[in-house]
């Protein structure tokens, strides 16, 4: 029923982070070429501030001797050691497993599920967690397990159950799709670098609660949304994507809430898409986002 | 289950079109004031090119003697006659009845239904028509009648059945939410001024079939979407709303299709929202859109 | 040499602020109609939060008996008194006199002067004030008096000289076009409601010094600019206009500075344009901006 | 007086185009690494439609033995021959020489000159050509030669004089900054791939004359601008950059003209900037634009 996602059978995605130096690209590209890898897309970035080098390369094998991730791992090992690289190699055809979390506002959940269902989001949604039961019927329709984990008196227990769902499902990524709970420090640590939140403001403006009401009170002429990695510092995590939309004096806070939802939907879906394609690399408190060419 | 839309009990929406002249606003506003109408929002536009005057006023009664549409119709009659106005008065609390039409791409349908279901689109979706059966399960979930009207050899018969659904449901508006059929001239006439289509390009660029493929071939750096009233001239009807999004050389036509969907969703939902709030007035081949203040 | 601005001979702009009530529009429109005023453009806004009503009406006389501002003042007096209005009536054909202030970054100054010189900004630039001498040659070219008022040890004396320039030139508006000085409280008071600043960030993000460097450090994906009225609270004044532009990980703070200038230029010019056409009304800490129809 | 542009002393920009194959990046990167080149920024694109591969690499030397363009040309020669590359290597510190052409609308000219003068546009403006004398005073201010080449009866002679200016000044690029003349086929050929035009519409909409008036008549809700390479097919050349801005029913064609200028300025300056940094590569009727990272 669900459309097959547009994954590229046999493609691999290689991501690298290391100290910048002469010869990195040459080393990696030569290793890949020696194994017959045809490069589909490749992006680099050397950050002059931090001296770090980032690279993402998507390639497909062309020779029978080199077909598996292991084959290429072996080929890349010398250059990885030489430059002391953090190197990851993933087959592109296995979509990233994702758990979504939601509270009572279902627009982002609906948008992600519709995108996923039509085969346009390169992920595999393996479960939905919620502290409420409101979204169960929607999730059931998609045939996805719904985990109602109410927020009782024992927050630690609820988070443990949440994490248990993530681990049991083998999820690589957790998406807080308007999950209106602040995660504990321990939970943030456990999901470090693999938990994306959508905040309904143009950060760093209007952190915390009711950002549209704050925005209305301040009289801004644009409202926005921000997708970022969750860290212990509330709404301070590395930003993946942002966008904004024009508002006017004739709109009350409720109108901002309504209009902002379109931006939230799009910003969060982009961030999930890019993360799932391993286009987002952490660079301290910032991110490197290797978007698809030229946009 | 469905959230009640944010309709304003007791509000009325008055729309006027007539030849421009001194005294129109004074006449209308005085009539309303004499009946205790408190103006919530009011917009005017005099087109110097055509000499036409357009007005939309939203008000609520404050006096017990004037409460119904009929009461205000009577009060407005003299000024309407004096200026030979096309005048319409609608209670704002009764949402506009709408029939949606779709073929196989369900994103706009999903977006409209989700918005409607969460009480944010001031319409009442009374049916969905499709020439395919693909979207039935989605529509069933929302508890809306699904009318599968396949496009066989007899186009006239199919359109007659379509119109029959519209009339039987008492729908004021038909929305072609990626309904991939060209309506006959007769059908266009029957739905004149009350049928909105979403075209997946920034009109007048890329009329007709496969606009994203046309856009890719031309190498544009933005793609867009256009919501317009359907007329006999294909993709030439009065434009209600447009928007665009940046694309790049690294995106093939399929990527444009995927990215463009977000713009289609938003542009169509805005157009439907504004039409349903009677903010869109026809001005020849163009539209006057009285958007909410200042955005 | 300079192109005549597109001012509308004989037009008047009426702005009104008062407590909202039944009958205001009727009263104003009837008074105008009784004097033969043909309404070109009219906008209203009633703020449900504050209970205030705002109105801007542009009209032209059609009867020989009513031609001057005084004629219409007399006609409007009864309704103004009845609703205790703050009412202002200005002939549209006399452009607003403006003094610009700049320090060393000349892009906004250049943009405003070029716009003014080509007759597109409905103002009369009567002088430029600067705490540096860098921009003198550019200002000389336009034939505008340049007042070099260096910021020595006596800030109060410098500000007194600045105010003296404003008053002597009969300027109604002061525009801080990248004037890198914080005005004293006294100066803010003296220019209250008639001094527009451009801040090179998307307020309330990144107040104060070096906002692009702050933005780069935070890793935002959009940078913006904000035009606002100057008040005693630095970068907290009522916002008139904002806009933003996309940036990426490969841009250092200097690239943000460069890219942001385009947004600063456009945002400031819009704010000045709207203020000069008396489209901006203060609503506490926020503004009502009656933009030209429908955009 | 003029600020030095932000050119990177000692940097080189390498651009490559060839048929895509395994080993290209490895070959180029290895050659560069063998000569101690430190890669600042590198972008690739393989077009699956055309089978072409594009690459732009910015690097700086780190070894005394390899310092000049010739040194690197020698190093790159084997790989260039092996893959039959179109390869170009330019020192980044010598700004590209540019001739601007203008008729009577000076906004784009003013914007480019101001950007250039403040050291933000990495070009060297070596002359301005115009078929009118209107802009002489502005150009004189900047100390640039102004060539008034009126369009008399002999178009071929005028174009010959235009080309003579370009060649005599050693200009690599010609920018039509609102030059309201259609170039002859011969002129287009002579400037093939090195002549950028700004068209004041969102192409392919509204080709030819008076695009804003066409846009107003069609009732579009956004207007745009397009920077493209000039070819024999009017307004059909490869697009480098586009952008758009919202308009509304209350704006006449003149308002569109005014509002559109901001978009024209920004779009043209971006295209010139990218071309001058050799970020734009021709791919048939389309362009590859290697923008600065991630925006």
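Each chain gets a letter, A, B, C and D, in the order it is written, and its residues are counted from 1.
As a convention for this text, a contact is a pair of C-beta atoms (placed from the backbone, for glycine too) under 8 Å apart; a residue touches a chain by one contact, two chains touch by 3 or more.
These figures come from a predicted structure and were not determined experimentally.
Q: Please give the intersection of the contact partners of chain A with those of chain B.
A: Output, common partners of chain A and chain B: C, D.
Q: Could you let me know which interface, C-D or B-D, is made of more C-beta pairs in contact?
A: Of the two interfaces, B-D and C-D, more C-beta pairs touch across B-D.
Q: Averaging only over C-alpha atoms, locate the centres of chain C and chain D and give their separation in whole Å.
A: Distance between chain centres: 35 Å.
Q: Measure off the straight-line distance from the CA centroid of chain B to the CA centroid of chain D, and report it in whole Å.
A: 42
Q: Tell me, which residues of chain B touch at least two other chains?
A: Residues 41, 45, 246, 248-250, 288-289, 291, 293-294 of chain B touch two or more partner chains.
Q: Using the touch definition up top, name the residues of chain D that touch chain A in the complex.
A: 20-27, 29-30, 32-34, 36-46, 62, 246, 288-291, 293-294
Q: Spell out the residues on chain C that touch chain D in their complex, using ranges where they run on.
A: Residue positions touching the partner: 6, 41, 106-107, 110-111, 114, 118, 120, 137-138, 141, 246-251, 254-255, 258-259, 261-262, 265-266, 269, 291-295.
Q: Considering only the defined contacts, which chain D positions touch chain B in the complex?
A: 45, 47-49, 202-206, 217-222, 224, 238-244, 248-250, 252, 283, 285-289, 291
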